[in-house]
Amino acid sequence: MTQLHDPAWRGFASDNYAGVHPAVMQALSDANGGHQVAYGDDVYTERLRVWVREAFGPDAEVFPVFNGTGANVVGLQAMMQRWEAVICATSAHVLVDEGGAPERTGGFKLHPVATPDGKLTPALVDEQAWGFGDQHRAQPAVVTITQSTELGTVYTPQEVRALADHVHGKGMRMHMDGARLSNAAAALGCAFREFTADAGVDVLSLGGTKIGAMGAEAVVVLNPAAVQGLPYLRKGAMQLASKMRFVSAQLLALFESDVWLQSARHANAMAARLREAVAAIPGVEVTRAVDANAVFAVLPAEVTARLQQQFRFYTWNEMTGEVRWMASWDTTEDDIDAFAAAVAREMGAVVAR
Amino acid sequence: MTQLHDPAWRGFASDNYAGVHPAVMQALSDANGGHQVAYGDDVYTERLRVWVREAFGPDAEVFPVFNGTGANVVGLQAMMQRWEAVICATSAHVLVDEGGAPERTGGFKLHPVATPDGKLTPALVDEQAWGFGDQHRAQPAVVTITQSTELGTVYTPQEVRALADHVHGKGMRMHMDGARLSNAAAALGCAFREFTADAGVDVLSLGGTKIGAMGAEAVVVLNPAAVQGLPYLRKGAMQLASKMRFVSAQLLALFESDVWLQSARHANAMAARLREAVAAIPGVEVTRAVDANAVFAVLPAEVTARLQQQFRFYTWNEMTGEVRWMASWDTTEDDIDAFAAAVAREMGAVVAR
Amino acid sequence: MTQLHDPAWRGFASDNYAGVHPAVMQALSDANGGHQVAYGDDVYTERLRVWVREAFGPDAEVFPVFNGTGANVVGLQAMMQRWEAVICATSAHVLVDEGGAPERTGGFKLHPVATPDGKLTPALVDEQAWGFGDQHRAQPAVVTITQSTELGTVYTPQEVRALADHVHGKGMRMHMDGARLSNAAAALGCAFREFTADAGVDVLSLGGTKIGAMGAEAVVVLNPAAVQGLPYLRKGAMQLASKMRFVSAQLLALFESDVWLQSARHANAMAARLREAVAAIPGVEVTRAVDANAVFAVLPAEVTARLQQQFRFYTWNEMTGEVRWMASWDTTEDDIDAFAAAVAREMGAVVAR
Amino acid sequence: MTQLHDPAWRGFASDNYAGVHPAVMQALSDANGGHQVAYGDDVYTERLRVWVREAFGPDAEVFPVFNGTGANVVGLQAMMQRWEAVICATSAHVLVDEGGAPERTGGFKLHPVATPDGKLTPALVDEQAWGFGDQHRAQPAVVTITQSTELGTVYTPQEVRALADHVHGKGMRMHMDGARLSNAAAALGCAFREFTADAGVDVLSLGGTKIGAMGAEAVVVLNPAAVQGLPYLRKGAMQLASKMRFVSAQLLALFESDVWLQSARHANAMAARLREAVAAIPGVEVTRAVDANAVFAVLPAEVTARLQQQFRFYTWNEMTGEVRWMASWDTTEDDIDAFAAAVAREMGAVVAR
């Protein structure tokens, strides 16, 4: 087999459309050769454990998995008894984009709360944090937040801390879906632990795939007292890799060096460049804060349709005409400029009428 | 990160301890660069669909997944209604090695049958194929067999055909766990379809990882009328890769060329070499037919213990002292000879007393 | 054992606090004696099947179960594939009062929609009826409505019909939670079938317990093409009674005669009497239409607290101070009058200040 | 509705075919009238709690449920984490007669062991009690035994004690399915606690239905440290009765007096009478010890067929021709004698040839 695709083509649909960072490819090659014990007793996974303790604190534990849905469902399951439930935003990936895996495969209920910007607050949590001890109610036990959120916003460490204190004060536990944790950290200019372990997060889904891995995520346990049975739950959820060295090596390649940071800074910068360019175009309304690598905007439907013939991206809300443009670690300035020019061109045709 | 391990070290514990075939590494590199649509709408997955139709027949469909447990549970779920159940051998991976994923994550019951050699027969199936229409019994609906089996044996195409005819005659469907399908095909000297699609198998788990992939398996639907909802079930089971091009590229690298065949022939030959060598050692009893790449033998416990200090392998049955030695695609003749010599040496020390 | 309780005590907390209608007690006695085939092959269940066909149409089928949660989860499961989901109101019993049974035991996701009055409309359904064919979304497949609703309101036959047409037009199916179906029918002055089978409902939870049974509900299938595997699903959900004759006899006692109608008319009339009495009390705000047997009102918290020391009832919403008063088949005019007098007395003390 | 059936007809198919003991009917009537708090906060359930503490010890707790499958699955779930599994006999009701409810609704795996007589022993348990700490194996955590067994045999208190000690010694917990606990106690001449709480059983399914209730079972927790979350699990498993007073009243009627004992002694005596009668008939082989109220025998298939035209009973094993005859609390000596005469008559016709 040889290369079947055009490696010059890029779009704005998802950071999952991007390929693998060269440093990750090199790490996969380095991890190859000879035998390593399967299922996590290899030297690369061991090294990853060392990094996790350095990055998140001496009690932190790491369980590599295949994908983000797997990380979320395994991590959340480990934080809950069968009769407990998770409070989340109505925009949460775990609620809307995981095909019912939390309910069907994880066996747990989600209590959703509408938010203005994808971010939960203590007051919003309280809309669902009730009924403790009532046998008729799936018991609220975990609050999950996404960092950066599905709407491109970022929690400050102070916001996470306030939320975690509130959550813990109610006897619940705090989970963070960090599929885009690197983008958040780059945006905040913080180390991961400042807005995770140090801010009261108990369990984290650490994302590698969107920031340059081939397919590598991890459940990172920041508070071991908050979980039970993780190795068994990971296996039962079919997220245990046999040749785990290759999953761990990807995460090491990203996180032991500053590959994650350079990649995330770049993606965020490309999103900012795009926001700036399109915000200046008459008729385009940027609808949300561009804290990380996503730009949301409202366009006329006909413009969206014409742009989608040239560039790949998603309509986020059919009713309002809101679209989402994602920048990736491999998005170039030329990509942005060409796309912004196209937006301007298509909008101009409309506005001119 | 650089290489942390000794690539010269190899053992006999599992074909999962081996690394990635060079052709697979090359394919991953070729598939990299630029953007591809996520979740399976990429050109590599499309090409895999073409290969599957060529290899298994024009109606065959392929759904790449992360691992063997995922392939089995997703494929079986798609063949069953919620109230149905699977008949399997008591040695089946799906029964004993998947951490309860079939029951807990798949939500289905397994009806096990003891076998002499890991292989089901029509008569053995009938031990559990009863109670049709009885609401108190989880309805037998699928029979799953493993090829090659967990005990290193291989079904002939005729045996599969006879079993499939029997199974279909009872209104049930036929599933094959082909985690080591390549080893079976090499042993039989057959194309895959001769003992799968052409022999009446409805759904197949096609294994890539054990024969040289990094982590790539697939549900292959040979009879589309036997399944429902596979895309949704795969997602809900958390087996849907975002950057699927890299899973598909691995399978293409193995199966579009003869990499699978060369690798499997080699692994099988190494197992045969080992069987021959150890069978000649006084006191070692080879316990099972060595049809593929596994050798089972009974040794004195003290010999096993001393060997395990030098070589990695598993005791299969603590009560009988039976051990399992697996040959991999990367096992060398020198590996085999050195190990056989060690067995002879340790046995000699015992027998000499 | 003799009677341990005071049979003169009654409250307004729930129609589940009431006892068993004398006609039901008589029917249990009549069904006793000798042997009957277990698990539904008895003459009482057979007679119930006859009644269901007479009441709902010649294709209707009935599956008695133990309780309302069981009826809902079994009926909904039978209408769905594993990857499908249910659209419901945010006030739906199935969402908020079933302890996660739908998700955990049924294995399905609920897509909730906020409503002003507990009633779904086509437009409200459309807030969740999207994403068909998208593997990332638990597929909307069933819409469930409650009749009468958890907020005491009742759908007209025309409203059900319009909703069912809309739902069917989108390829979905229509479920009705009829835990209080009798109250709705009495309120509407309709036969059951006018607002169920004839209005496009595919599957119905028929409630007996709240209207005078000891513990008897049923899944009634109005459109057999909308379900699969009900007998197996009922057993697997642990809702199959061994001595089913006694469940069926309860339902026959209620529904073959006009016991259901007299009981429901009476309960509704008592609720209306209460609404009228309290609406006239200064400071009491009746918050919702009293279509059936529930009265919702807002009271000062201190009044609620004092009333709850004398009468049993629930605060519905701690934030707003809204309370719920339920009338039962056995509520008397004296009960209502005494309670209304107490409300007036306690309110008077407050207002006088 | 009036009586639709012939109360004089009785058979030998199941103790579930029998009706309700008069004392239970009286108790239902006594519990009726007025209001009682729903879902277990009623005086009858409170009284049942008192009885359970008296009968089983001061720490014992009781959770009434609807049926035996419900009692088993709820009780077992409460004893296990999600990743754990249950060791049971291959004849166990929980394995073969619960329609997959343990796996599908309970979400747990069963590890079956073949037994000669339906009874587990320490050595038999050890066939599945292995793999502790291995993430690939659903962790053995509970051993369940049935008392009296599905094969009509009874564990002595000493046997239960020895098994419980063994089970606890391995860090597992001990569950007893007591759907026919009364028959076992009558056979042993023991109080319940002698072979349950005092013998090391942690959780018990206490059966009422088969011994004269209408439909009433209970999870009885003997060792509160062995369970978690029972109220929530019961609700989530859809086994929480709204009008619970009527479930509890049934159990009180049986167990506060000696109704259970008289009924069980009688049923056991009728089984013994039948065994004695048929054992004397040439050609009839009684195959199992008749410890309680079940008689198993092998008959020629044609004799079975002719008898089944006159009397209702089940063929237990189609291959061997073994049949099962159950005696109930309401079986009469005349029933037995007439049946035994019929067996003799039909056998005579065969033997005479």
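Letters A, B, C and D mark the chains in the order given here, with residues in each chain numbered from 1 onward.
Everything that follows uses one rule, which is that a residue touches a chain if its C-beta (ideal position, glycine included) is under 8 Å from a C-beta of that chain, and two chains touch if they have at least 3 such contacts.
Keep in mind that what you see is a predicted model, and the values were worked out from it rather than measured.
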If you tally C-beta contacts across B-D and across C-D, the winner is C-D
Name the chain whose C-alpha centroid is most distant from the C-alpha centroid of chain B. C
Quick one: report the Å distance separating chain B from chain D, using the average Cα coordinate of each chain. 41
Could you please state the distance in Å, as a whole number, between where the Cα atoms of chain A are centred and where those of chain D are centred? 51
Dist(centroid_CA(chain C), centroid_CA(chain D)) in Å evaluates to 33
Chain B touches at least 2 other chains through residues 39, 82-83, 98-100, 104, 107, 135-136, 138, 232, 235-236, 240
Per the touch rule above, chain D residues touching chain B in the complex are 82-83, 85, 96-100, 103-104, 107-109, 112, 130, 135-138, 318
Of all residues in chain C, which touch chain D in the complex? 1-11, 13-14, 16-20, 25, 27-39, 42-44, 47, 66-70, 73, 98-101, 104-105, 209-210, 214-215, 232, 235-243, 245-247, 249, 252-253, 256-257, 312, 328, 330
Contacting residues of chain A [partner chain D, same complex]: 39, 77, 81-83, 107, 135-136, 138-139, 228-229, 231-236, 240
